[in-house]
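The following blocks contain the structures, represented as structure tokens.
Presented sequentially are two complexes of chain A, the first with chain B as partner and the second with chain C.
And now, the complex of A and B:
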């Protein structure tokens, strides 16, 4: 956890632009070699479902952006364990190839270790 | 120590709930804008060990006062808000 910045992703995909903008901000930062860690919390965990198929609602698949994270060197993703349980999502359902997903029982402890937290 | 800033009403937004889920020891909570409606929410009464601040201009504007059972809430002005920002790191905004 050598990074200084954490992006907090709390928005479900497609209902608003916030989820996409958060991931794009992280990808842009990574492209500029500014590494940002990610914590998915609340409805943000819905971004991680690999079964997303938004073509019929004329949106681009956000999961594809998530799959690009490891390519840009963002390999550590934190996910709130309680948020997953509340939404009936099993940890096996949220694999991202090339990324390591760590379940977090106490998000507050993780957040406190950063200098800067961006909220999306 | 983290400064958590909540700016949405807990009666219509998940902001306060998600914030409380992410509180850890030593963290403080600041209520502003519609976040001041949390003064009327049960969740705040259940928060015993967390220091809670509330922006007085926003609560007065909405006609909301802290009830007497919420002894731990400190009503603050803008200058104190700025001071809190300098005293805490990181600062997390819960705006939706």
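And now, the complex of A and C:
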């Protein structure tokens, strides 16, 4: 087993370019056969909501990009349970077909298990 | 290469030959783009081109090689979801060449 990488997605989808930069880095790594898992926490959990309407600000839909993760071979997504609760988001509201979404109560413990962590 | 003339109309291309405006795409444009790549489009090519466009509508991005192979495999079966098959249709770099002909942007995660 090679280096296992975890990408932290901490930014809201359109407030800055960070969310998109992160997803693009993950997709590029996956295309190069690198194994990457994702952890959404903080405002990053907003990226997972399917009710995004970025056409109004002439942006591409980040959620559509996230839906491509399984076909790029990224199938394990972690979501910080506390971040969801703080923002009033029910776990049923976040679904990515083909990906397994696991709620995490102790993100620190998860992060510590990875050799390489990228933060976006 | 900066312009493509199709049916008397000038279609602007970027420096790598991708459409500047994705709305300019048509089947005639695809034939000309393929011609520039020395590819004669057959039904097998069109099958892949149409799936690429579906991929773009669904995910709003152009696939790199690995996801392209996987997506084609899901839709057309494992016989066609192989890099060697796509390599024969769209040499030398299927993800780039087929995206170009299908009127998609260059795959950003493709080196």
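Following the convention adopted for this analysis, the second predicted complex is superposed on the first by the 117 of 120 C-alpha atoms of A that agree within 3 Å, B and C clash if a C-alpha of one lies under 4 Å from a C-alpha of the other, contacts with A are read in each partner's own complex, and residues count from 1 in each chain.
Basically, a residue touches a chain if its C-beta (ideal position, glycine included) is under 8 Å from a C-beta of that chain, and two chains touch if they have at least 3 such contacts.
Please read these numbers as outputs of a predicted model, since none were measured by experiment.
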item: Superposition on chain A - do chain B and chain C clash or fit; value: fit
item: Touching partner for A:65 - first (chain B), second (chain C), both, neither; value: second
item: Chain A residues touched - chain C or chain B, whichever exceeds; value: B
item: Partner chain(s) touched by A:94 [first = chain B, second = chain C, both, neither]; value: neither
item: Contacts of A:108 with chain B and chain C, given as first, second, both or neither; value: first
item: Partner chain in contact with A:79 - chain B first, chain C second, else both or neither; value: neither
item: Partner chain in contact with A:8 - chain B first, chain C second, else both or neither; value: first
item: Which of chain B and chain C A:42 touches, first, second, both or neither; value: first
item: Touching partner for A:28 - first (chain B), second (chain C), both, neither; value: second
item: Overlay on shared chain A, then closest C-alpha pair between chain B and chain C (Å); value: 24
item: Footprint overlap on chain A, comparing chain B with chain C; value: none
item: In the complex with chain C, residue positions of chain A that touch it; value: 24, 27-28, 30-31, 33, 60-61, 64-65, 67-68, 71-73
item: Footprint of chain A on chain B - complex, ascending; value: 1-2, 14, 18, 21-24, 26-27, 89-96
item: Chain C residues touching chain A - in the complex, by the definition given at the top; value: 58-61, 63-67, 70-71, 74, 108-110
item: Complex interface listing, chain A residues touching chain B; value: 6, 8, 10-11, 18, 41-43, 80, 82-83, 106-109, 111-112, 114-117, 119
